[in-house]
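Shared between the two complexes below is chain A, which has chain B as its partner in the first and chain C in the second.
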Partner chain A sequence: MAASSSNGFRVIGTRPIRHDGVDKVTGRAKYGADYAFPGMLYGKVLRSPHPHANIKSIKIDKALALPGVKAIVTSADLPALPDKMEAAGEQAINLNHLSMNILARGKVLYDGHPIAAVAATSPHIAEEALRLIEVEYELLPPVMTVEDAMKPGATILLPSLRNKEDGPDKETNVAAHLQFKRGDVAEGFKQADYVIEREFKTAMVHQGYIEPHNAVGIYNADGHATIYCSTQGSFVVRALSAAVLGIPEGKIKVVPAEIGGGFGGKTTIYLEPLSVLLSQKTGHPVKLTMTRAEVLRATGPTSGSTIRCKMGATKDGKIVAAQCWLAYEAGAFPGSPVGAGAMTILAPYNIPNILVDAYDVVVNRPKTAAYRAPGASNAAMASETVLDELAEKCGIDPLEMRLLNGSEEGTPQTVGPPFKRIGFKETVEAIKNSDHYKSKLTGPNRGRGVASGFWFNVGLQSSATVNIHTDGTVSVVIGSVDIGGTRAAQAMIAAEVLGVDINDVRPTIADTDSIGHTDVTGGSRTCFATGWAVYEAAQDCVRQLKERAAKLWEKKPDEVVFENGMLKPAQPGGELKPMSIKQIAPRLARTGGPIVGRATVNARGVGPAFATVCVDVEVDPDTGKTQILRATIAQDAGKAIHPSYVEGQMQGGMAQGLGWGLNEEYFYDDRGILRNTGLLDYRMPTCLDLPPIETIIVEVPTPGHPLGIRGVGEVSIVPPPAALANAIYRAVGVRMTELPMSPPRVLKAILQKRAAGEAQAAAAD
Partner chain B sequence: MHAINYEAPKSLDEAVKLLAAHGEKARPLSGGTDLLIQLRAGTRRPEFVVDIKKIPELRRISFSLQHGLKLGAAVPCIEIHENSDMRKYYPGLTEAAHLIGSLQIQSRATVGGNLCNGSPAADTTPALIALGAQARIVGPKGERMVPVDGFCLAPGRTVLQPGELLVEFHIPAPERHSSDAYLRFIPRNEMDIAVVGVGAALSLDVSDDRVVEARIGLGAVGPTPIFAAEASKSLIGKTLDAAAIENAARLAIAAATPIDDMRGTAEFRRHVVGVLTRRALAKAAERAREANQR
Partner chain C sequence: MANKVIVETNINGDPVELLCEPRQSLLEVLRDVLELTGSKEGCLTGDCGACTVVIDGRPVCSCLMLGVEATGKNITTVEGLASGTSLHVLQQKFLEHASLQCGICTPGFLMSSKALLDRNPNPTEAEIRYALAGNLCRCTGYDKIVRAVTDAAAALAGRTRPAHGTVPSETASGMAGEMLAKGEAK
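And then the complex of A and B:
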């Protein structure tokens, strides 16, 4: 596309067609489940029908005897691993817990917990073999909520689990207690004219990626293994699979397939080590793919939570103190995002006195995995609705309340140093000035709500190479998978630096043997950090190009400049004609050979992301059903490389947040069995449930980043549930404190309010 | 998944013979929108699957103002919606058929399958109950007629005996000022399953807006679809005013026996039975007043 962009950029800020577009719309793109190899076997996983039980015995003889069955593995086939936190990939992880989540060891801890895996000549035979495996269980009481898990004398899930506070001798379900403090909340609340305190509950929800998990493992006789899978991080799959299998990391190659959505849920491993283990046992490639029910029962979800939030403000709307208490369901093993919840819950605001307590609690539910701004949506549901109530008490417009108290450059963060330049207030102003917010909302049972959100974003390590080919075209090789337009954005950065046409750049996502270490796609880091590496690798090309031109022109490298895609002598005039990359590329052989630009980064100085949203709803007061009439989001992108994909991230996160707010929830029965294991009863919004989502990109560049990029992938999911709650309040006058705000809950609140009103009226008579 | 035998008989005789020969091990396949899911999930494990879509008698819609409607059990929902007689004379049943799943699902799913699956939440069943539909069943011991409101016995269980096949529905001819309506409550706007379904059929004397005949069917609020007999009876002979509708709604709520489950609480469902009964009666009445069926 030739269209030029603002701020002096030529390619950045335009909207070229993505390089992987044709493959994806024609069905030619290869996702994990599309891989097939000669002699390939099919694997299936036996899963626990109980939420909590000791495994007394597993008998596999009958299943092994079924014709077509080639191998069966259980945790006895995996090495025992240390029961302590170790660095692995980007985060510390307890390898014993990770291994026990791949295959249960001695105990099952949730409905759907894997117990054994079968490889057979067809998926149907493998499935029938599962029915022949005999498992003897000793049932234990399921512990399904944080309240039950934290009670004194609660049934213990993990006998070895300890926390610092309770000491080395006390068995517990509380994996960690974190506390964040500033000022003196007791003193702060004394200054407040108004104090609002509410308790919230949010349901466990799933990322809902459309592509189920998959893996093909090929173990070679020489001890090397290859894994093909859909993942957000091929190097994470390699590190974690190696650890679980007891194979040196360097002996595993991971080939990342195209990915049909991840949203954080594909940053860990489930099937990958099983595919290798079954391949090792059989000598054949082994492929495993999950069903939707398996995905919902045993992968992903993010925590349900109980949150108490108390906030106080002076009459003129200045927030003087806030106290929060958060307990998150970690699932069967420690590691909920409660820390992130605690650090985000008050981050958009400059509050002098805060106290935040956070508890990570194990329960008999699947181990939670990252989900788009993990932990922050739960937290914002609490703080952003309490803030709305406080604004109402003070008689201040909710957006003005946010501007009055909003964080800006220099505001101390909940933890760590003060913010550098951030764009929070700019997102509030953008909503305030939007057509949407300025429009009048009329009609009965209709209401408008706003809310804001914060997400840290991360930097971490990325590698990139940029190759100049003999025809002057360019290939960009990265280790981050394409999730949301990565190829297009990275190619655009290289095209910008090199002054070439975007269609002359081919982006490639390499396997773990073909690119330097690249951390997982998480924390909205890819465009920020991998983009930085691509920028530097392209600059490395420019440096080399100048050297080559100097050689051809018999000048010194510093006597050559590179401007607008042209190599020129620094001193204009003379006979030397400027050269484009296309012109110099065929002559590289004569000046020393091909040019490969390379760069690695461990990106620091990440720019935090903020978003503010506005939602209009209409509630049916007879049924409690909420229709979303209009939705707008303003988000700080730092610098939008490909605005369409930035808008896509904003809309995608908003859609997920609205679904989380209205209908999505894990529904466990009294026995701890997940009842809604399909997308009929796990209700994500369809396109008929959402209006077009309007987007406003705000650009406050991240200081220090060569292009000013901020991660854009996550923060959009943070404000929507709270904005919906605030809109429902204005529509029908009820303050919702439980997610999802499904019709039965909203109707109940409406009827209670009506009954209270009638009782009051009767008393007045 | 286990191995299955697939048969696709071309005549009713052949189908009944196959079903009778294999008894409990056989399961008829109509559109497959329930059965295929049950096979894949392993919740039903029949050894023989008998595809009934090739039998002409099961694929017919025949209608006359004298004899009423004969609707084949294996007619895809989409054909009901495309049929002008169905849209004109039985708009409630037609909208029920048109609510199921998506257009793709409606191209496969059938009203007969919807009933035989035995789900209390089946969308077309309350509409059939409201219309007073009878089910014609053929089996090894001959034929029988069963009213649709007595067809389901428990979730997933019906009056069909091993070897028996549901062939068609017989629905009475419409009266001069009669019509029907079906409404359901779902949390989303499409692609969902009824949390409450209410079908209502009314025949009116338009000279004084008096109810001549009324039937109300309820879905998803008990172990089987329910004929709300008291609520229906309460309307007959009455002028259809707000008080009569309110009274019928109250009696419909009393007929419901819902449970708490992931789709809604019992309390919520009872309340919504009242809401939808009021709305369905109003809609059916509006249609009946405008109708001039002969």
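And then the complex of A and C:
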């Protein structure tokens, strides 16, 4: 259901077949691991078997002597970088930490931390060589949870880490404490008739993209390097690899391969600098690919967390105060998404008194990376279940509770400034009016839950060029990779503006030398910001087309109009016949040469995203297993360019959220070793676990964007865990406060509830 | 002594002679020896199905089989699914239904779906979900994949179903309801 479908649009809102589709169903599309070059070597990475240890020595002689081994590198081959926040490309980052995560320097900080990399003539020889490298460790106690890391006297991970509160002399594992405040929570809670306070724990989870990380590095004798890799941001790979390697940024070209999923996890670097370094040492192209175990052990999952959430409401359901405390696992180096967690946790609601404290805590786990609305799903698990409980206390339908307190245009955000036009309440209304919510759910151990979610979205920089070819067809060149229909959506925007057939537009994703700077595919920004650049570049073509038509017609450019793909004289009635782009294209040479439209944006005025979901579950009271019976998501897309791929984002994020809610977790043993390093034990949803996911696209256009687009990539992952928890409560009467809500946890809660009931009955006898 | 073994097999209808090391998996042989990189590596433990090929009619994770075991087998990879420039109906339906986002799992899903439809041309939704449970997709939530396979089966049987682009939402949710009803019945 598209609320206002494609009013006034010809191409936008339709569902053409994606331009890269045939390549991707025939096996021709080239992903990072598919690249091969003459003389190419294969690299492998030696990883720490310990979560926390000092490296006493690394001996590589035996490994180097193995026939076929060409080079071995350690952190001694990388420049030492300053231990402070510095600009690298467009982001501020601690380059020392980044470098230490590529190759450990003096210390290993998690199970799987890279120590050395080998290049050899075959991957098997490289693997054999890893076993011949001798590393002497001095073991240190692992610090695995935020609670342990924050205790006074805790073992310290990074001796140089300081935070502002504790001052320059105190060693700490707390990288940052953030606080957000409005009104007076103590006064607010006094007005409340009901107060709910709960503590939650959520497990570390992984993005779970099916394609492991990969990179092919080619270092040339002239000092220039090329990296082929699957990434969400080729310019990020260039900037960060240059910084880690100490090579000028302009001497690296990054060629983005097709990408096999990212979800935020491919916004940083792991193998890329190693491929260049090994190529520099050997003179050969070097390819590295990770195994699945390496992906799980040593790339960036998202934070596990401990969250306390207290909310108070008056009898009539008005939320008057909320106080939250969040501590997120950053992994081995600072930088968890706890700030985003803090700013999203109460965002959907207009609450006069709030106090939110947030802590970024280092632990002996892999450095976390972005994962789809980073930090927000953890937070929503807490706030959206506490809200559900409050609604129950007040005797109000949970959707009505959200409508009663929901944010709208003018509501102050957690960080201060008010929201512009947003579609939160529209998503709640859409669920309220859905077939799903209106249907009756019957049967024992079944329950229905709803929850909502918020995500900021971002704008940032994008570049685009649009070329008019001599046959009147159009090519669109962008720097954003195609992570799920990007080419199709960008081509549709150009086709819409230029009035040409979608099949006459060819979208291309360019390398870092062939397009202007384009920021990472993240923050749901691609359709919004790159789409904006394509829109403007196409408009630039229109301006030039009008000039050319004016030349041919011996008129001024402002005496030509462009409507429905036709160039026309502004004053109708003369002898001049309207011209299509196809008609004028062959005449461009005579009117001044080719037409290239170009545009760059640093997109402001981003439209925040909201989603509301509804899930029905059945819980097996004997095993604690939760079966999802039905699932629906309503999400504000601003304007859906290609509705199928918008639905795809909604369904995909929801599926990840459902997996996060029920099954997925990093399981470390008491020695700090990750025990589920494969996809059998890191249990992501299969198609047998999920029902069809129903979608309702809500369209509340983003003010200021020429097409009204809102990013749709992320917010769908935010509400599902909380919605599941609320559904499980209605099914079997237990309030779950720990993720994942796996069968043992749910069963334990059911048994505890039963035991409490029996004890009560016995006491009454 | 030579390390490599000569393997005689049949891939996508053609007889193939190849040289491989005994320790190389069939997936590695397909990708690195024969340059058939359409089969993808997602896990190397048979959990994700991205490397699925069809061997003598059965879907097989090529990462779990050695290259030398291909001797005498008939192997179809995603590169052999289309006939010349005519896409297989499954490929066409995956495109029409927008069943792929990143596309890395797509070759494996296509091959598992082909094996399913070859032995069961008229599967129920539950049978499709069961047959594809060995393939992981992290982008789509599977909904559009299941629709594509359902639609492909219908097309192969000569039944017509409106393409997804023209399905109004009521029909779409009707389909979901139908699937749910079947799930409940079992």
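The definition used in the following text is that the second predicted complex is superposed on the first by the 757 of 765 C-alpha atoms of A that agree within 3 Å, B and C clash if a C-alpha of one lies under 4 Å from a C-alpha of the other, contacts with A are read in each partner's own complex, and residues count from 1 in each chain.
By our rule, a residue touches a chain if its C-beta (ideal position, glycine included) is under 8 Å from a C-beta of that chain, and two chains touch if they have at least 3 such contacts.
Please read all numbers here as calculations on a predicted model, not as lab measurements.
Visitor: Counting only touches as set out at the top, which of chain B and chain C does A:R587 meet: first, second, both, neither?
Guide: Neither: A:R587 stays clear of chain B and chain C.
Visitor: Quick one: classify A:N663 as touching chain B (first), chain C (second), both or neither.
Guide: First partner only.
Visitor: Figure out whether A:L688 sits in contact with chain B (first) or chain C (second), or with both, or with neither.
Guide: both
Visitor: Which partner chains sit in contact with A:H177 here, chain B, chain C, both or neither? Use first/second/both/neither.
Guide: neither
Visitor: Please work out whether A:H124 is in contact with chain B alone, chain C alone, both, or neither, and reply first, second, both or neither.
Guide: both
Visitor: Return first, second, both or neither, reflecting whether A:P744 touches chain B, chain C, both chains, or no partner chain.
Guide: First partner only.
Visitor: Name the contact category of A:G485: first (chain B only), second (chain C only), both, or neither.
Guide: second
Visitor: Which partner, once the models are overlaid, touches more of chain A's residues, chain C or chain B?
Guide: Answer, by number of touched residues of chain A: C.
Visitor: Indicate the residue numbers of chain A shared between its chain B interface and its chain C interface, in ascending order.
Guide: In chain A, positions 124, 680, 685-686, 688 sit in both the chain B and chain C interfaces.
Visitor: Could you pull out which chain C residues touch chain A in their complex?
Guide: Contacts found on chain C: 21, 23-24, 31-32, 35-45, 47-48, 50, 77-79, 81-82, 87, 91, 94-98, 100-107, 110, 128-130, 132-146, 164-165, 169, 172-173, 175-177, 179-180, 183-184.
Visitor: Report the residues of chain B in contact with chain A in the complex, numbered from low to high.
Guide: Within the complex, chain B contacts chain A at residues 1-3, 41-42, 185, 187-193, 195, 261-265, 267-268, 271-272, 275.
Visitor: Within their complex, state which residues of chain A touch chain B.
Guide: For this pair, the touching residues of chain A are 124, 127-128, 131, 293, 622-625, 627, 662-663, 667, 675-676, 680-681, 683, 685-686, 688-689, 742-744, 747-748, 751.
Visitor: Where on chain A is chain C touching in the complex?
Guide: 1-2, 14-15, 17-18, 20-22, 24-31, 33-34, 36, 124, 207-212, 258-263, 289, 291-292, 435, 483-485, 629-630, 642, 644-645, 647-649, 651-652, 654-656, 678-680, 684-688, 690-694, 696
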